[in-house]
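A, B and C label the chains in the order they appear, each numbered from 1.
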Amino acid sequence: MNFNDLKINFIRFILAILIIFFLLLSFGINPLDVTNALFIGSFGSFEKIIRTMLVWVPISLASIALIYTFSSGMWNIGIEGQIIMGAIGATFIARSFLGDNFISPYIQLIMALGFGGFWGFICAILKVKGGVHEIFSGLGLDFVASGIAIYLIIGPWKRKGIASTSGTEIFHESSWIPTVGNLDFPIFLFLIVILVYVFTYFLLSQTSFGLRLKATGINFFATNRFNFSSERYIIYSFIIAGALAGIAGFSQVSGSYHKLVPTISGGFGFLSILLVLICSRNIFLTFIISFLFAALIVGGSQLQIKLDLDHSLVGIIQASFVLSWLILQRVNLEKKILNIFSKVLTK
Amino acid sequence: MITIENSLITVIALSTPLIIAVLGETISEKSGVINLSAEGTIMICALFAFVFGYLTDIAVVGLIAGMILGAIIAAFLSLCDIKLRMDQIAVGFVLTILCSRLSSYLGQGYVRISGPTLNKISIPLLSDIPFFGNILFNHSLITYISILLIPSTWLLLNKTTFGLSLRASGENPNAANSRGINVQKIRFIGTLIGGSLLGLSGAAFSLYAKYGWSEGHTTNYGWIVLAIVIFGGWNPFRAAMGAYAFGLLQVLAIKAQSITLALSQILPLLPFPLMIFILIFIQYINRKDSSSVPLIIKSLIGGNQPESLGKKLPKEF
Amino acid sequence: MKIELKNISKSFGSLEANKEISISIPGGIHALLGENGAGKSTLVKIISGQLNPDKGSILISDKKINLGSPKIAINNGIGMLNQNPLDFANLSVLESFLVGNTQNSFISNHRKTKEKILNLFDNYDIKIDLNEKISSFSIGQRQQIELLRLLYNGVKIIILDEPTSAFSLEQKKMIFDTLNKLTKEDITIIFVSHKLDEVFEICDSGTILKEGKVVYSMNKPFDSDAIFAKMFDDTRTKNKITNIEKRSDKFKLFFDELDMTKHKTFSNESLLDFGTIVGIAGLQGSMNDRLVKNFFSRDFSKSGIFFDNGDYIEKNKLYYMPADRLERGLFEDLTLKEHFALTYSHINKYINWNDIAIYGEKKIQEYDIKANITQKVDQLSGGNQQRLMLSLLPESPGVLLLEQPTRGLDYNSANKMWDIILHRKKNDIAIIFSSTDLDEIWDYSDIIISVSGNTIMNIDSKQNLNKENIARYVSGIID
């Protein structure tokens, strides 16, 4: 990203925020109050920062997952299902004989990778071999995954005595993602995310694999001339995306809830689709915006306490931010503003 | 016998909003536009319809309000598609999230309160027919509308010049343009009609089938609509059958609750794997020599997927 | 129906596509001939209302018509049959007929229109079920249906833009029969074509365009020698081929039986020297491009290139360059640098962008590409894109498979391309290229394959041929 892109993105960001402020005003809400409450809610104390990080982890993982499928030109709407499958994979280990062993989280991670990757692979195969549009197969697989989760929760994995959709038994503590000292912060998870960021950045910008992925997304038909197959790279991208989404599911199940619940994905998959619409392949932007979105979610609890505003306002802010961004990107207002600025400055 | 009769009445009532939405989405998709905002549109229109009905105490006002809001959302989506040339899938998806959150936020004051509802209107004479009379001719206005909409949609698409232009635009915009059709306008109108039906469907939920409002009142119905449209192979009659089948599934799920909880939770998800199978099948007959597939199977689970569904319009016009 | 074009001129920037073109067609079938870039398609677009000319007028039955709108052209009875049928695969024949037809009421009265259409079909001896889907017909039948649709809409002048390029012989016959019947009903047909055999077969009069001007007008009976001379005359000078010493290594060109339905003069056992240039001559729309690609991906037959010991030449030694640059050749959103990196992506897992930049700069100089290495390729001109495609082929010796390497390039760019290609001749195993320009084929090839439509008409080395022979082969006229 060069300096000019940075300037344009910055102006776009400000404009989108202004639009949201205007929207809030039209609801009769003081946007500055909201900003303040959200900030305090997400960064106000050490504990809150850690909560923000815990939300940031799965959002980041899911968003990076989507960067891979976005690169190969695919709409991975099946990400929710991939998260759920990852969570199921992890739960499977947590409930097995390994559940009370300290090694459990690490095996869970591998299982989550595998389950999520497999779910992504199905979507890819349906696309490449079956010719099914990835939106429909993704959507279908989301619901199938959620069906499997519900079945497990109220069927084989039900709590003793009661079958209810409120979730499975809480995992044995050995199966929780280990935290450091008194803090509730799972440093292991944090390291994984940082690693994934760095690795993805490296893979996409410095390797042939990343370049080929991007090329596949741009022109499906020109790749065979460069001795590789578009179809194969589409499959790769879905497997990687599914695997990363699987880790996000693992983070949810063993880092946050410590049990499997039907809504285990927290809607983070769909939220990440919103995110990647803005960020496309830009890793830095993904890092920043995913943090912002996580802060919004965690800070949202303060809206209720401080301002008596419903938590759903956060979703409205996120979605309208993305919508404004997309439209601004299309009408290219930023360039005009930049031109006016430079004219004023040169005078 | 009483239970069967009651169950069938419930099936028809529950299917009412779905049929309307499925027909709307079919029209939209036939013009080449996947309205991915269905989930959000239905949700927020359900709220709006309920609020307007509540404020005026006239249920029909609610229906109209829902329809108008649905049309407005569709107009927004369509303008992003044909004027700004944005990705219709991206915009639709964002709209779904935005509208569902908006409905949660704006609907806070209306959760579980009672408002007007659409009364049952018994059709004289016909409703007196034993068994069938009660099942078919003792429903609310919106149910009759939904039933009338099925052949009307079919007629609109297949027997009018407008419907033909709409399908032509969804098949091959370039060719349609060369025949002097204003493809942008047709797409806009198609999306608009589709959206207003999605809105009406939301209204049918909150004013009739799932009376009242609560947060996430129509959750997942929009996605199911997308699945049923494919299940129906973009044919109004088959799509309506799909919607009734789903209504039946829901009733079975309720009945199953007393037997096994798992089954009742999972049955409503059945349309999604079915959707995938149908899509695989459609691709299969498109690729292979389709003569090897029996005609009956083809007409039951085949389908006419619009050729340029979800694609951006060509740059030239 | 008489149609007259008067002093039609149209330029795009500095390019004069049509210069003072005047043609008068009293009726019948009129051929519009000319090479690529002669100005045919511009003229056709002006007649059908898709383009507004800078100057000039069109008269139909001595009445001046308005120009520049397809709708007005349709209302004046001008219809166009595109190269590919512009119809709706998923609609029924009846529906496809009615699309855009607004003379019907809101609810279209199917029974009456059905009868009218069936009558029309009967008149032309065509048996088609109106409820059948368009997709179940062959391309030839679809073109026929399109033709009848134009008639149904009351068209008086029909432009056919190379409609037969994808046809089999029988399909062609069907269309020609229909066309002949049409002329008896005072319908004028403008037949745009490259294929002289077809022109001789059905046309009554014709015009040859060259560089935007009318160079020859003709009437039946045609003087084929004069037409050949006008169409294929050689006035341009090409770059000289420096004599390259003979190389002792040999390769074999193997042709599948499937591809060799006509003349079998060429033996599959003939050994060719390394560095041989094989030119595949054919008119636009013929199989010449597909034949080039088939050596790369074996789409339709097993024809291929072998070493003299019978071993296949490995796939990674086949360097293929498609004719459509942005559709199949390049990635429009990638920079030049990324393209260079992609070329070596099968060798290097990690990309050293500095090395790539140095390598790329070198290539840009060497191939005379006027662009910055960080530019995206869609900002490049056609010639630069073409040279970039060539520069992306690996340096190590291989078989160059080039589809129309100079398509759409101006004279200088084309010459530059050939400088580069000839430079590679020294090291490469073989160079196989297709072209619609017979001069280009003649100037550079050692072996010439002539194709017409989907048939290989002749394979021979240049010594045994002359230019006129090739022109006859590719036009489908065999002596």
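As a working rule, a contact is a pair of C-beta atoms (placed from the backbone, for glycine too) under 8 Å apart; a residue touches a chain by one contact, two chains touch by 3 or more.
Computed from a predicted structure; not experimentally measured.
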Checklist entry - Which chain is most remote from subunit A in terms of Cα centres? => result C
Checklist entry - What chain pair has the highest count of contacting C-beta pairs? => result A-B
Item to check | Chain centre separation (subunit B, subunit C; CA means) in Å | outcome: 46
Next on the checklist: From the mean C-alpha coordinate of subunit A to that of subunit B, what's the distance rounded to whole Å?
Outcome noted: 29
Checklist entry - Which subunit B residues sit where two or more other chains touch them? => result none
Item to check | subunit A to subunit C touching residues, read off their complex | outcome: 206-209, 211-212, 214-215, 218-219, 221-222, 224-228
Item to check | subunit B residues touching subunit C - in the complex, by the definition given at the top | outcome: 155, 159-162, 164-165, 167-168, 171-172, 174-176, 178-181, 304, 306-307
Checklist outcome for this item: subunit B partner, complex, touching residues on subunit A are 75, 77, 126, 130-133, 135-137, 139-144, 146-147, 150-151, 154-155, 163, 165, 270-271, 273-274, 277, 310, 312-316, 318-320, 322-323, 326-327, 330-331
Next on the checklist: If we count contacts the way the header does, which residues on subunit C are in touch with subunit B in the complex?
Outcome noted: 70-71, 74, 86-91, 95, 98-102, 104-108, 110
Next on the checklist: Considering only the defined contacts, which subunit B positions touch subunit A in the complex?
Outcome noted: 34, 36, 80, 84-86, 89-91, 93-95, 97-98, 100-102, 104-105, 108, 215, 220, 223, 226-227, 230, 261-262, 265-266, 269, 272-273, 275-276, 279-280, 283-284, 286-287, 310
